[in-house]
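What follows is a pair of complexes built around chain A, which joins chain B in one and chain C in the other.
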Partner chain A sequence: MDTYVITVLSNIGMISFVALSAYILLLSGQISFGQQAYFGIGAYTAGIATVMWQWPIAGALVLGALAASVAAGLVGLATLRLSGIYFAMATLAFAEIMRIAAELFVYRREIGGVETGPDGIDGFRDIRYFFANDISPFQSCLIVYALLAAVLAALFIVERTRGGRLLRQVGEDPLLAEVQGIDVMRVRMAAALSAGAVAGLGGGLYAHLMTYVEPRSFDIMLGVHALAYGLIGGLGTALGPLLGVLIDIGLLESTRIFRGYRMIVFGGLVAVLLIVRPRGLLDEVAISRIRQALRRRRHAGG
Partner chain B sequence: MAAVDLAQNTLDGLMIGSSYALLAIGFTLIFGVMRRLNLAYGPTIMAGVYLGTAAFISFGAPSLVVLAIVIIGASLVGLYVERLCFRPFGEAARTASMVASFALWMQIEEAAMHMLPQHMNPFPPLLAASPLEIGPLMLRADHLIMLAATLLLAGAVTYLLARTKLGLAIRAVIDQPRAAAIVGIHVERIMMLTFVLASAIGGFAGFLIAATDAQVTAMMGMWATTKGLVAMMLGGLGSVKGAIAGGLLLGVLEAHAQWFLGPQVRDMVAWGLLFVILAFWPGGLMGAKALDRTMAVGRRV
Partner chain C sequence: MLEVDGLTVRFDGVEALRELSITVPTGARVGVLGPNGSGKTTLFNAISGLAGIAAGTIRLDGMTISKLAPHRIAAAGVARTFQSVRLFQRLSALDNALPSVGAASSHEARENALAALDTVGLGERRDTLAGDLSFYEQRQLEIARAIAQRPRLLLADEPTAGLSPAESDHVIALLGRAFGAETAILLIEHKIAAVEALCPRALLLIEGHVAADMPTREMMSDRDLASVYFGSRLTP
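And now, the complex of A and B:
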């Protein structure tokens, strides 16, 4: 396969993790401008694990996701009782603090005769695990999609259980959910922890596929794009955010038709889409219609 | 010496803070009337400033003409944002407005970069006079103008809201949009007017800021949105007084943080303060401890 296509596919896959992370919180009724922070935490942690501590990639990715999840839990303790723009601003504030912290974070050590590690504003270069272990770009792209499929499968399963219904119920009307005896804070905390882990996993992959990560890789633009992906793709299914990523990166960034005008097109598209379909292309109504149609066909066929 | 540094930093902070306060007043107006966040506010201002700069570069337009272009340009872009991000959505779809305004932010920023492709563009400075010296302290004259303009504008906005018929209508829409419509107030028109007014104030602020820097980049959009937002949140959403207090406090705090800890920590301090206030003291500085803050917002504007 063409290396350019592989790169684009890998990018779509990696950004999808952040989009799914924002989507999980959107389902719980919270708008986060700060999921990029957990992406960054995952990227730095996983990178440090393979480069500085010589961990295997699997352990490093798990560690990155865990670290991001723990951070999300701590931030959640302070912010989850906020709602609306208060929550959005608090998460943005945290993400910016983390980004600046990364600009100040220097942790250099000599590994195999070469000094390496996070170097403040210059970022963290030479995360060469895939290269050193002869994993081709195609193979690493497969790893991204295998993990993405696993996250998606987990989300689909959760959506079919009581937990998924609780999540949407809390997102729809937290007060009503509370009155019905649902522990709103616990549901939100569960959402925040898993959203953090998903973003952290994406970050760990990003660091290793790109071979570097810098503070600018997780600025506010990444966070708000991730949020927009769910909102244009649709909040009815976990495939919605992926559709959003596909439209933006697959269609606008990678084809050269819109070069130099990508943001003008994407921005206008999002604004108009939000007017026509406030909960995205694949919203709850669309999903239940598709389900009905599938069921009918199955009945007709069988 | 330390006392002089402290005083000088505080003074500098107050001056920079007055530009934050101007931005926060515009944000507050929009938030008060719409109960929604306009993330494209900073980029709207930047677009106006860019139009002014383009006129300055191409025709050497004098400062007053540039000022007019900036204010009119920002108002028109504001109108566009209102039409596309706020008018189509009901108050219930707050998220949609916020995300749509972010989408337009991207659009405006790219359009501005097509207009003036250079990263840094010159802007006509306000005054070339050397700084005033008051004992051991230094004071830039254009900073003084900025502070005076902020106080004047805050007074004008307060007067407009408290004493004029338009202000009465705005406050009615803030308090009870439905009741306001019943008594014959054209709610949509009031919202649009407020939006354009806020954008014009933003344009004025943008002109002063760009003139003090004597240059402008497309990053001004993001800068203005974040500084204005933080200042507004620090002051507690929705009061003009709070916006000024928040802006000045942010300015002073940043000046000290920069002096003692460096520019990166300066930004971190501002965000850290915002985080702490939101998490532990969500009403803001001037905020009431009311349970229903959104209700309180309206009453305080």
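And now, the complex of A and C:
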């Protein structure tokens, strides 16, 4: 396969993790402008694990996801009682603090005769695990999609069981959910922890596929895009945010049609959709219609 | 049994409820009457944990619930419906009716929800989004949700508001038939006939305290109380 195509596909896959992370929080009714921070924490942690401590990639990715999840839990303890614009501001502030902290973060050691590790504003270079282990770009792309499929499968299962219903109930009307016996804070905390882990996993993959990560890799634009993907693609299914990523990176960024105008087209698309379809293309109503149509067809066929 | 003792609720210095005390035995049906602003909905909010309590205690079956979070009060057996229909519009009727309390397993919760939908007559509409239901169906769905919770106490806040007389009769009859002797019902209603049909006993709230607590029929025939409720126009 063409390397360009592989790179685009890998990008779509990696960004999808942040989009799904923002989506989980959107379902629970919280708008976070800070999911990129967990992406960054996952990237740095997983990179440090393979480069500095010579961990295998699987352990490093798990550690990155865990570290991001713990950070999300701590931020959640402080912010989950906020809502609306206050929560959004708090998450954005935290993400900026993390980005600036990464600019100051220096952790250098000599590994195999070469000094390496995070170097403040210059970032963390030479995360060469895939290269050193003869994993081709195509193979690493497959790893990205295998893990993305696993996260999607987990989300589908959650959505079809009690967890998904609780998440949507809390997201739509927290007061009504509370009065019906749902511990809203617990549901929101569970959402924050899993959203942090998903973003952290994406970050760990990013660090290894790109072979470097720097504070700029997870600035505010990543968080804004992550939110927009769910809002464009739709909040009725976990496939919604993926559709959003596909539209943005697959169509706008990677083809020549809109070259140079990507942000204009993307911004316009977000604005139009927020007016005509505030919960995205694949919103709850669309998904419900599709499900009912499928059910009727199954009944008619069987 | 619900025991409210010396309940006081204040909003910005105004006493919405003043040392209010009532007892509602298990399975009783009690109407809550009173002019607008007399504290009826505030009483419901205080019992379900949504209004901050300045003084007093609320006990349900001997357990003090007045210091619990709303979701724990629901778990203790309090269900409610809202004056303006409150549903998860983007979820199906079945998902709205699925209880988070009162069932030992998710299987049992589902059984309870399906049975409750059948009871109110929405069995066929279980996959429809709540937002796509008619207003009357939404009212019915709120009651189905309460039924599925298997509550010890139902707080029904004007369940017939916005309905036609025939629909109102159906809803009141439904409340009478769907809840057994293990569920007490407190009913806020402006339609006197509805209160008389369901509740042998009625409370009259005025300015945050209980002005009268007596058999509904007597309250209706008491001219002085009727004048408080209907205004002086009706008194000769």
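Just so it is clear, the second predicted complex is superposed on the first by the 302 of 302 C-alpha atoms of A that agree within 3 Å, B and C clash if a C-alpha of one lies under 4 Å from a C-alpha of the other, contacts with A are read in each partner's own complex, and residues count from 1 in each chain.
In the analysis below, contacts are C-beta pairs under 8 Å (C-beta built on N, C-alpha and C of every residue); 3 or more make two chains touch, one makes a residue touch a chain.
Since the model is a prediction, treat every value here as computed from it, not as a measurement.
Touch criterion met: A:Glu103 reaches chain B, while chain C stays clear of it. In the superposition on chain A, contact is made by A:Asp173 with chain C only, not with chain B. With both structures placed on the common chain, the touch criterion links A:Asp183 to chain C but leaves chain B unconnected. A count of residues in chain A touched by chain B and by chain C gives the higher number to B.
When the two structures are aligned on the shared chain, A:Ser69 is found in touch with neither chain B nor chain C. Contacts of A:Ile31 after superposition on the shared chain: chain B is touched, whereas chain C is not. By the touch criterion defined above, A:Ile275 reaches chain B but does not reach chain C. In the superposed model, A:Arg295 makes contact with chain C only, not with chain B. Residue ranges of chain B in contact with chain A, taken from their complex: 37, 84-85, 88-89, 93-96, 98-100, 102-111, 114, 222, 226, 229-230, 233, 264-265, 267-268, 271-272, 274-275, 278-280, 282.
Residues of chain C that touch chain A in their complex: 48-50, 69-71, 74-75, 79-80, 86-92, 95, 98-102, 106, 127, 129, 131, 145, 149. Across the complex, chain C is touched by residues 161-162, 165-166, 168-169, 172-173, 175-184, 279, 284-285, 288, 291-292, 295 of chain A. Residue ranges on chain A touching chain B, taken from their complex, read 31, 78-79, 82, 84-86, 88-90, 93-94, 96-97, 100-101, 103-104, 220, 224, 227-228, 231, 260-264, 266-272, 274-275, 278.
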